[in-house]
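What follows are several structures.
Two complexes, one shared chain (chain A), two partners (chain B, chain C).
Right, the complex of A and B next:
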């Protein structure tokens, strides 16, 4: 069974929802939070439904709608999210405290459910098939992708809408900031990889894909495989080689690697061995979207575009090799050197 | 105590805020138009009904004891205003 990316729709801190990112280049941020550039949702969401939706729901439904407009109606919906509808959860919990658990508004409670995004998309698209949301920290998107590939392989679905989504909230920033994981020096995302620092920029985004068993255009991108593992002492090169071996590929077959470096010295050293073990083009993406649990969905969107356009956006190139025909891309991301995820895209 | 018309104006603004109706101003809302029903008035639904009951309880400290009366009380902005005026303590 082969799985093809037949459409994608993305809302991110770059101007990606309409493709202007590829003409305009990188959007600069000098604060530690990189918020999404959002479209006018009224163009694809019923205004009557829009008023009760929180920002993450609008982002999810907006990106999913863009994706379906460019692809086909899915018969299953699978989503990965690190934290789900966090802003509504915070709103509901604050109200519980403030109102002494009395007279609570139902809307933030309903919207705070973990599977609200996939449910709202299903209602909007009229998709009554398989509907699943995966919450597995930094492996959420890859587990959603794995679920999608299994659905397609079993024949239970022919076209699956799969997405990764997370949002920034002030409360999440404030709590995680106590761990000193965010930059405090007003570093520009343009300079994220300069010097040796601790901390990175917080990001968010919604990236959706229609994955089908048959290509729907003459320029198809294939998801060759995805693999996750949890290991604090992993030999990443050997893990990558073993995974590629299961796909009948070697590291030498990879012409481009998209790596999840985020400018934090302790985080980034995990990527060194993989980056140095080959002559592939090296692409970075977290200066474009920031760090969040499902940022690898942004990486997959970037990889799909590189393969389709046969061009790497200048602002994403870390190292250019002599390989100018892009046919096999390895995406690698990790969290805290413990949660690791590989995905291979092929042309 | 406020007059019915003053209360209606207050309620319109409170409804817009409570239900996040960004596209409307108080002047756009017909006080006598039905609040609920497909394509009618504000076209509100059952979740909105709960929000409006909470609005009356929080803002005017009036508890609606009999749930069966909610349909009548929430029929229109004017019906809400009349109910509040009839049940509000001095």
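Right, the complex of A and C next:
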């Protein structure tokens, strides 16, 4: 069984929702928060309903609607989100304390459910099939993707809507900024990888895909496999080789790697061994979308575009090898050197 | 024929006890765990709850670890149940073909409640605490403690979360991605969820009365249950406590909190679970209902049950009168109850019931009833219209 990316809808800090990113190039940010460039949601969401929606739901439903416009109606929905509907959780948590547990509105509580996005998309699309939400930090998207591949493999679905989604909230920024996760020197995302620094830029996004068992276009991109593991002392090269082996591939078959470097020296050294073990083109992406739990969904979108366009956007190239035909891409991302995720895309 | 997946170990902790023996004794004696909230302060302390009367220190001791402020109550409950399941299945630790699926609504909600304001105003700067606010942290710490490295995930689909974790554990094994899966769920009582359900006006002032005409809402509970699922090849020479034979998940696509009054997808979930098990409705001996005790759920679930089973109803009960509604943990807790029912040939009683619902007339089992039990269906329906049914069968 094969799985093809038949549509994507992506809302990110770059102008990706309509593909203008590929003409305009990189959008610059000089603050440590990279917020999404959002489309006019009125084009695909009923304005009366739109007013009542939380921001993360607008992003999710927007990305899902873009997918469906460009692809097929899905028969299952699988979402990955590292923090879920955080803004509503914060709102209810705050109100509970401020009001001493009296006379609370249930709305933020209801909207803080992690599966709110997947169920609201089901309602909007009238999709009664399989509906799942994975929330496992930096593995959320790949776990959702693996779930999707299993659904297609077992014949339980033919077209699955899968997405990775997370939002910036002021409170999340405030707490994590005190933990010294973010750059404090107004570093531009254009210069994220220059010099040796600690800290990175905070991002967000909603990257959704329709994955089907049959390609719906003449230039298909295949998801060959995905795998996650947890290990604070991992040998990434041997883990990558083992995973590729399960797909009957070797590291030498990979012409391009998309790596989750984020400009933080301690974070980035985890990628060195993999980068140095081969001659592949090296692509990075976190200066485009920022660091967030499901950023690897953005990486998958970028990878799909590289395979379809047979071109790497100039602003995403870290190392160019002599390989100018792109057919096998390995995406690798980690969090804290503990959570690791691989995905392979093929032409 | 899809590959068969068996249960070789399970662990449980809830308001009616820690471990299979204590749990079974309470079920047989109709000893409910519902009572007053004692372990934390809340403006809602008059609401009955299914609380586990053990402090964080006592739970840490049961889990065999040092007390640590970064450990959420849900994590401690999960670790106790997961360790017991692993031990029963004969595993000291994980191996490379073992994965894990945990599930929770907001595992770290007790820590959020205590430390969030300090983290926000900067009086507490603690990266580990920030991680512990999320559900993934509970799963991940259990996986690391037990040496499970590959294919670890956390599912959150409200009250059907751990039923989905079990379903997906079976799917992982059938897909050939793992031979053994540790699956389950954990949730603790906290002011966050108490206040949420109170704001929705669905908390029972008296203690829940599933399937009763005068039912008046849910009773929040807490607990955890984990199961070790294994491929048939892996169970050679091992004791098998049951088989997950069928499952189904549908979405009502109706409303975030209201149930579709026609119950069509609750019905569809039961039908498809029975069909995927290769069984007929008549083969189901006992039905462990979602049965939360709300006006809407119990009526709609009753109608759906009648549509599936017609006049030949299996023995039916909701066990939420024992534990309260343990949210994300409910599916796994009730799967363990189902294993106890199968292995002891005992239909479990529905405490809190006295008068059948006028419209449907379903009379649940009210006394522990000895009978031959080969197949059980267990329902878990969650907010967001997430309907999951599992068929649990005797291991043969």
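The rule is short, and it goes like this: the second predicted complex is superposed on the first by the 347 of 347 C-alpha atoms of A that agree within 3 Å, B and C clash if a C-alpha of one lies under 4 Å from a C-alpha of the other, contacts with A are read in each partner's own complex, and residues count from 1 in each chain.
What we mean here is this: a residue touches a chain if its C-beta (ideal position, glycine included) is under 8 Å from a C-beta of that chain, and two chains touch if they have at least 3 such contacts.
Treat the numbers as computed from the prediction; the structure is a model and nothing was measured.
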Three-chain arrangement built on chain A, chain B and chain C clash or fit: fit
Angle, in degrees and to the nearest 10, that opens at chain A between the C-alpha centres of chain B and chain C: 70
Partner chain(s) touched by A:193 [first = chain B, second = chain C, both, neither]: neither
Chain B or chain C, by number of chain A residues touched: C
Touching partner for A:105 - first (chain B), second (chain C), both, neither: both
Which superposed partner A:115 touches (first chain B, second chain C, both, neither): second
Touched partner set for A:174, first chain B, second chain C, both or neither: second
Chain B versus chain C as contact partner of A:133, first or second or both or neither: second
Which superposed partner A:47 touches (first chain B, second chain C, both, neither): first
Distance of closest approach, chain C and chain B, by C-alpha atoms in Å: 10
Doubly contacted chain A residues - partners chain C and chain B: 104-106, 110
In the complex with chain B, residue positions of chain A that touch it: 47-48, 51-52, 103-107, 110
Chain C - residues contacting chain A, complex: 42-44, 105-106, 112-113, 116-117, 119-120, 122, 125-127, 130-131, 134-137, 139-140, 143-144, 148-158, 164, 168, 171-172, 174-175, 177, 191-192, 195-201, 249-257, 265, 268, 382-386
Chain A to chain C touching residues, read off their complex: 77, 82-84, 89, 92-93, 96-97, 100-102, 104-106, 109-116, 118-120, 122-123, 125-137, 139-140, 143, 146-147, 150, 153-154, 171, 174-176, 178-179, 227-231, 338-339
Chain B - residues contacting chain A, complex: 18-23, 43, 47, 50-51, 54, 57-58
